[in-house]
Amino acid sequence: MIASSRSPLVWLVHISVILLVVLWTLPTAGLLISSLRDKDQLAVSGWWTALSTSTQNLVFRAPGADTQVEKDGKFVIAGNMLEGQSGQVSAFGFNSKDPAAFQPGQSADLPSGEKLTVQADGAFEIASDKAMDGARGQRIFYTAAIPPRFTFDNYREVMRAEGIGASFINSLTVAIPATIIPILVAAFAAYALAWMKFPGRAILIAVVVGLLVVPLQMSLIPLLKLYNGVGAFLGVPAKTYVGIWLAHMGFGLPLAIYLLRNYMAGLPREIMESARVDGASDFDIFIKIILPLSFPALASFSIFQFLWTWNDLLVAMVFLGTGNNELVLTGRLVNLLGSRGGNWEILTASAFVTIIVPLIVFFTLQRYLVRGLLAGSVKGG
Amino acid sequence: AELKFKPGEDSKFNWASFEEFKKGHDLKGQTLTIFGPWRGEDQVLVESVLDYFRDATGADVKYSSSENYEQQIVIDTQAGSPPDVAVLPQPGLIADLASKGYLTPLGEETKKWLLDNYAAGQSWVDLSTYAGKDGKKELYAFPYKIDVKSLVWYVPENFEDSGYEVPKTMEELKALTEKIVADGGTPWCIGLGSGGATGWPATDWVEDMMLRTQPADVYDKWVTNAIPFNDPAVVGAIDEFGWFAKNDKNVDGGAAAVASADFRDSPKGLFASPPKCYLHHQASFIPSFFPEGTVVGQDADFFYMPPYASKPELGNPVLGAGTLAMITKDTPASRAFIEFLETPIAHEVWMAQTSFLTPFKGVNKDTYANGPMKKQGEILLNATTFRFDGSDLMPGKIGAGAFWTGMVDYVGGKSATDVADGIQKAWDSIK
Amino acid sequence: MQQLLFAIITMAAGVLACAAYFFSTNWILDRLFPSKGLTGPLASRNLRITNAIRPWLFLGPALFSLTIYLIYPVIASVWLSLHDRAGENFVGLNNFIWMFNDGEFRQSIYNNFLWLLVVPAAATFFGLIIAALTDRIWWGNIAKTLIFMPMAISFVGASVIWKFIYDYRAAGTEQIGILNAIVVYFGGTPEAWVTLPFWNNFFLMVILIWIQTGFAMVILSAALRGIPEETIEAAVIDGANGFQIFFKIMIPQMWGTIAVVWTTITILVLKVFDIVLAMTNGQWQSQVLANLMFDWMFRGGGDFGRGAAIAVIIMVLVIPIMIWNIRNATKEMEGH
Amino acid sequence: MAGLQLKNIRKSYGAVDVIHGIDLDIRQGEFVVFVGPSGCGKSTLLRMIAGLEEISGGEMYIAERLVNEVPPSQRGIAMVFQSYALYPHMTVYDNMAFGMRIAKESKEEIDRRVRAAADILQLTQYLDRLPKALSGGQRQRVAIGRAICRDPKVFLFDEPLSNLDAALRVATRIEIAKLNESMPDTTMIYVTHDQVEAMTLADRIVVLSAGHIEQVGPPLELYERPANLFVARFIGSPAMNIIPAKIVGTGAETTVELPGGKTDVLDIPTAATENGKAASFGVRPEDLRVSTGDTFLFEGTVAIIEALGEVTLLYIEGLVANEPIIAKVPGILDIKRGEKVRFTADKAKLHLFDANGKSYRA
Amino acid sequence: MAGLQLKNIRKSYGAVDVIHGIDLDIRQGEFVVFVGPSGCGKSTLLRMIAGLEEISGGEMYIAERLVNEVPPSQRGIAMVFQSYALYPHMTVYDNMAFGMRIAKESKEEIDRRVRAAADILQLTQYLDRLPKALSGGQRQRVAIGRAICRDPKVFLFDEPLSNLDAALRVATRIEIAKLNESMPDTTMIYVTHDQVEAMTLADRIVVLSAGHIEQVGPPLELYERPANLFVARFIGSPAMNIIPAKIVGTGAETTVELPGGKTDVLDIPTAATENGKAASFGVRPEDLRVSTGDTFLFEGTVAIIEALGEVTLLYIEGLVANEPIIAKVPGILDIKRGEKVRFTADKAKLHLFDANGKSYRA
């Protein structure tokens, strides 16, 4: 619109947005980086350190005596502590009380008589005049500068989970109709509440607002009872896809109606009038005028409804069941976690696996949040 | 599915029991739904056991679990669509379900079986007996898969490096704690953090201390509130825990870190270089949270949380926890499943893998996958007193609420008396 | 493959059935009471009938499912709140009397008010700012997607993230929580943030704000784009600068939507319990009503009476917002 | 007979009364133009006829049927909105086709009619555009096109040409006239501010003022015999000059005294009772002629001269304070500013109104 | 000098070229009116001057300063939008006061100016209303009020009077003229479709067509000496009659042959090379007089008679197929439909255009 925009204000805008974006993504970035890290590292160093070469105190257990080789009359156990990774050893030791007692290149006399030599590149050698024994290998403490190290293991583990594909489809089967149906139903209701005249309209609007607050947990037991009753009466299973769609619809409707009504009420009256004069019935007006013009509102609500149904676990567990054939993606991923929780590496990776579909939905629907949808329709204001 | 161990192949398993069970049960075409707390690795393991049930009976077994299994089971039973068999780790919750009439009594035969076959059988039967809807006490649950909680974990080589010895008595343990402090080290890693359940590791401490300072019947009265929570006996036990945890020098990070440190992270301090601590009190499951590649028995080991030498009359009490199976829908299949749990093979298959302890005397101890597990199994079998985790026995609002919160407040600075008073008040409010 | 096919068929069937309802009822109504082409009293009568019925056809499915999924549970809750823990024996107002004498409940109410004060305002504010700032920059959509991301992260994920932010390690050791790392970097002493009574409320609120800003942003973006361009042009001509346009032209025109967003988030705050549950479970004096309700409902078998009583209180708290919304709706309907 | 009857129609917005009881009979096929000052209620009245605005009081009949409660879609009307009210998400083509699609016309018929309308309105090249990519005038034409595409019983036009340029305006006006001729049974109601439109199109003109009717009649009647001062001033541009006067002689002819003392005789009969009363003497600018002789109506000083090409407007001061008298004389005259000029006019074209504004010409 | 220079200004929307390179010099204080057919780019050009539309090519200077990149707020302009663009959430008062509040005028000053503008525009009683409770004309007046309340260097008006009734239109037009007079340093650019407005207000008129300038000049010059056929047809209403002709005699005077064989002599000099070429012969309807004598320009049959009161329009057929020639004669004549009438006109008022539409009058 406005022709020239090369003012300092524009820079201010860019900078503020960058700042906000950084603030908002920082936690997520932490999650992403964490999901690419080794699970043991997660608990001992901040994720931001993962990006740079860091000095770490590590412990390495040398192979046991059974790997010793005899060389020039000496028994030697040798290898590399860094196990193929790059890094730079700056100190080492063999006693937990003094883990950095020696410099690389030095050799240390172990209490048991062997000589331990560690090079800066991580190569070590335990040499002894006599054959070594004991199954337990020697612990070597070392301090090393370790460059950033990332792994896709966490993702591999998540993606390899059994039945993940089926769960993915289950999730979609739940989420897509559970997004479209409530939107359709809510849009009709919102139109009625915004543009049709009938007694009790204001009360209904208030009821819708009031119902926004009903805690989901309150409804589960009465509803499941009802489902079981209906299921038994009709001789069908109580937990079906239809059941969960309807449940998601019920829970999502108040917000959907509330948001959509608000939006529809703001559309220019003249357009509706014009359609009415053109002979359109309420139904035609709704389908041909209101729906297309409400696209921004429909799109934004679909984003949220999809997201909720996609990320929902509770409703799915209660109304769809937990069997292998019904388990949704979130359920499947949660089952990957141990009984006591805490597998953060799985948590972080699965958080990113599940985030992708909602983000795609967001990205596609964001296009419908268009500007100037109503431009050119009426003059006045 | 492929059975984990081919029947008849490895002679350490009791294949005969399997074959016998197989003969007695044919459930083809029937479905058994089991709802349990095991997820992740545990779920793989339990499935491997269930495979044998499938194989033996031909039933279609559906196991499922949930992060919110507590909530889920309440909803499902209340709404009238329970699984056939539920497995829960909380006797308190089971008592509640029993009292609302959602559970089926297992009957005298099972009770007798438990008495005969489980070590310290009576305490298991007591643990599994609840009042039903009609107020009648009956056996409603079948304990299966036990954790030993009275364990202290350490790194043997760190002990060697510093010349420490494994303590045999509580007095020695305290002395060791002081010695480590004197040597400039930090003796303990304690973490109570557990998201929504923050505080529970401290309850294990207190329970262990209860068993080591008071006779078992006081413990029993305590968990049923026959003696108030703020009884001096309880306050004393809390302060015993406080001796370890409320001293900045004794714990890694100082007392302030105890409450917020995650219990899953805190054992990692044992393996740091240099070590952040030397001792860690936690149940038998904790090795899954050790750094990857840690070999129990080599890199880490445990010893029995010792009793006071000054109180020999209390013997070697063992605190434990475990899961209990119960019938939530009375079907032939669910009955059969309980019977299946009575076969040695149902225990041995899991024992031979990992993280499974059983008080079942009829199993071959050699099927334990490794030394440490066997050692834990022995602690369990040698226990003069076995008591189930008290907080799990208390009503949910206390054992999984006020008690946790109280412990957090306690390490946060409140006095033991204040905390105990508060918990008792909460208990009064739900009576 | 078969599952996919089944899924597609079920989805299509579900959606089509819903659409079919609307088309067919509407068609039947027009068939039953035709008025097109008719004249005279019959036409007017039919017209009146269809006009009276049609809104209810449109509202029908919505009212039906609202009744079943929400109103019925509300009634059930009220009923339960007057009964004992098993929901069997009538106890009158005992649950409420207990509640008001309960310290934890009072704590929760207090905390809830803090939440209500801060979170809706902050989330709406940031949402608005971000929507406005990103509206006309070329990488706005990318920025929005990034800011939206927290909404899309499942709850478990979010709690892990914030655990790693608030994590506390003893002073002198390496901090793995970024907040403490920053504090230490600037020479402060680390704090166990979530355990600081009173202040921890705010640390938990930050999480919800972080998540809900995306919601506010999306809805407000849509509203922002609905503002007639011409009014902005007129303001530009009138010499208004960016700020003046934003505050005096855009915000007043979006006022309705801002109110909606604010209301929605307020109500969400009343319901929120996952964050508290996952981060502190109400310890360190951070309890809120919804979590308290959850606690009583499901912990250890549950006490439905008390759980429901707390739920009833939560629902009562929303009444002022309802009244305010009725007023708005009637005011704006005068124009229609 | 598919005419339109308005019986004591009223409208109020809350406390504000906008229409104060209007009675009007419109015959089927008639072309009626509503004129009146901005804000007098023309759009409101039109919208009530369309059924878009609730009728606060009175009865309205279309084709003998009481329509107070009938929805717009069933009144058989087409309307061009003052504010266009285009469907922003539809192309020009779809905007015009919408009504016919609703009425389930055949595809070919729709296409034919849309193209015909687009042709008339010079919109053919914009058929694929969305309203937002159109100029103001183009939008207005789409709005007209939308109405003429359909086949209603009653056409309602609310200032349909206000954004068009003169040429197009004339062309469109002629098209509307043709449309009217080609559909002798279709009633048309048209709101405009343009005198020429009103005069050329209307069978009858309805002059509205502040929510009530001032006069209804054929264009020339309104022009020649305004019923009152309001209509006199309103019809004709520039407006009729009104000079306060006093009746000094009555009878078959009336003598009035103008400010300044000059008396004039008008061929309007008045009753003797009127003698001595204050009155308003009116003469249209275009009826004034510069008089070179001695007989003249009045004289004054030329304050402003506006040469418009074909005619010249003279603004005369000196007679009524602060309100110059305007004379519209053909061609370009060699009169200069400040000159004193005398004017005369045809007697039959003089008007006289009583103190209440009512015309003395019955 | 705070004038306005447009140098080869261009505008395209994507592939659609809307403005094709416009050069225009507007002096400070000048009143320039843009006219042109609907959709020719008037609003676009105005919006470019305001800075609301990016300039696709060329340079624009306001007060000697290159403003291509200068934001609207710094160009010192006020604008009345064709679509009003009122702030829907502000009352009429606030709408008008907004710009001054932004400029931090004192409260009293704002109040004074708003009330003055409201007074002029007869909006005083609506000051507390929101735009949605106003009629179309009232909204337009608010839009005008908003602009005149402020004190800009340049005023831009986009069809500001299109929704007003005749009387108000005249009054407002006069107010704008007064405004212009009272602010001799303020430049005004005005888009209108109303010839009278253009003629009376403009110092110079710019005739646009399809994105380029056809002619720029003072009103009378455009009326009397249109540079080409387009301007000739566009200025004046009804439009100039154009009759295809053939040049049959050249020199100081030119002889043309009309369809039907009648020849006329025009006092326009043409070069001998033009002899035999096709040309267009033009005469304005208002310049035609009914001739009773033998000397006449042409004759034809009266097809339609439109009596508008002060003048009568005669539509004459028989000369150009399908395009009647219009004559505007004063008063009401006793000519009937179907009569053959002869017309004559002043020689100086005849026009002749070459085959490309360029006028032969230099």
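Order of writing sets the labels: A, B, C, D and E. Residues in every chain begin at 1.
Rule of thumb we're sticking to: contacts are C-beta pairs under 8 Å (C-beta built on N, C-alpha and C of every residue); 3 or more make two chains touch, one makes a residue touch a chain.
Treat the numbers as computed from the prediction; the structure is a model and nothing was measured.
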Pair with more cross-chain C-beta pairs in contact, given B-C and A-E: B-C
Reference chain D; chain at largest CA-centroid distance: B
Chain nearest the overall Cα centroid: C
Chain A and chain E, separation of their C-alpha mean positions in angstrom: 63
Computed distance of Cα centres, chain E from chain C, in Å: 56
Averaged-CA centre spacing for the pair chain E and chain B, given as whole angstrom: 93
For chain D, residues contacting two or more additional chains: 71, 83, 133-134, 136
Touching two or more other chains - residue numbers and ranges from chain B: 67-68, 71, 74-75, 195, 262
Touching two or more other chains - residues of chain C: 51, 156, 228, 230-231, 233, 236, 241, 297-298, 335
Which chain pairs touch, all of them: A-B, A-C, A-D, A-E, B-C, C-D, C-E, D-E
In the complex with chain B, residue positions of chain C that touch it: 86, 98, 102, 156, 159, 163, 167-171, 173, 192, 194-195, 277-284, 295-303
Sites on chain E touched by chain C in the complex: 50-52, 71-73, 77-79, 81, 83-90, 98-99, 102-103, 132, 146, 150
Interface residues, chain E side, partner chain A - complex: 48, 51-55, 68-72, 82-88, 131-132, 136, 139
Residue ranges of chain A touching chain B (in the complex, touch as defined): 38-40, 43-44, 57-59, 61, 95-99, 135-136, 139, 141, 217, 220-225, 227-228, 238-239, 313-314, 317-318, 321-324, 327, 331, 334-343, 346
Parts of chain D lying in touch with chain C, wherever the complex brings them together: 14, 65-66, 69-71, 74
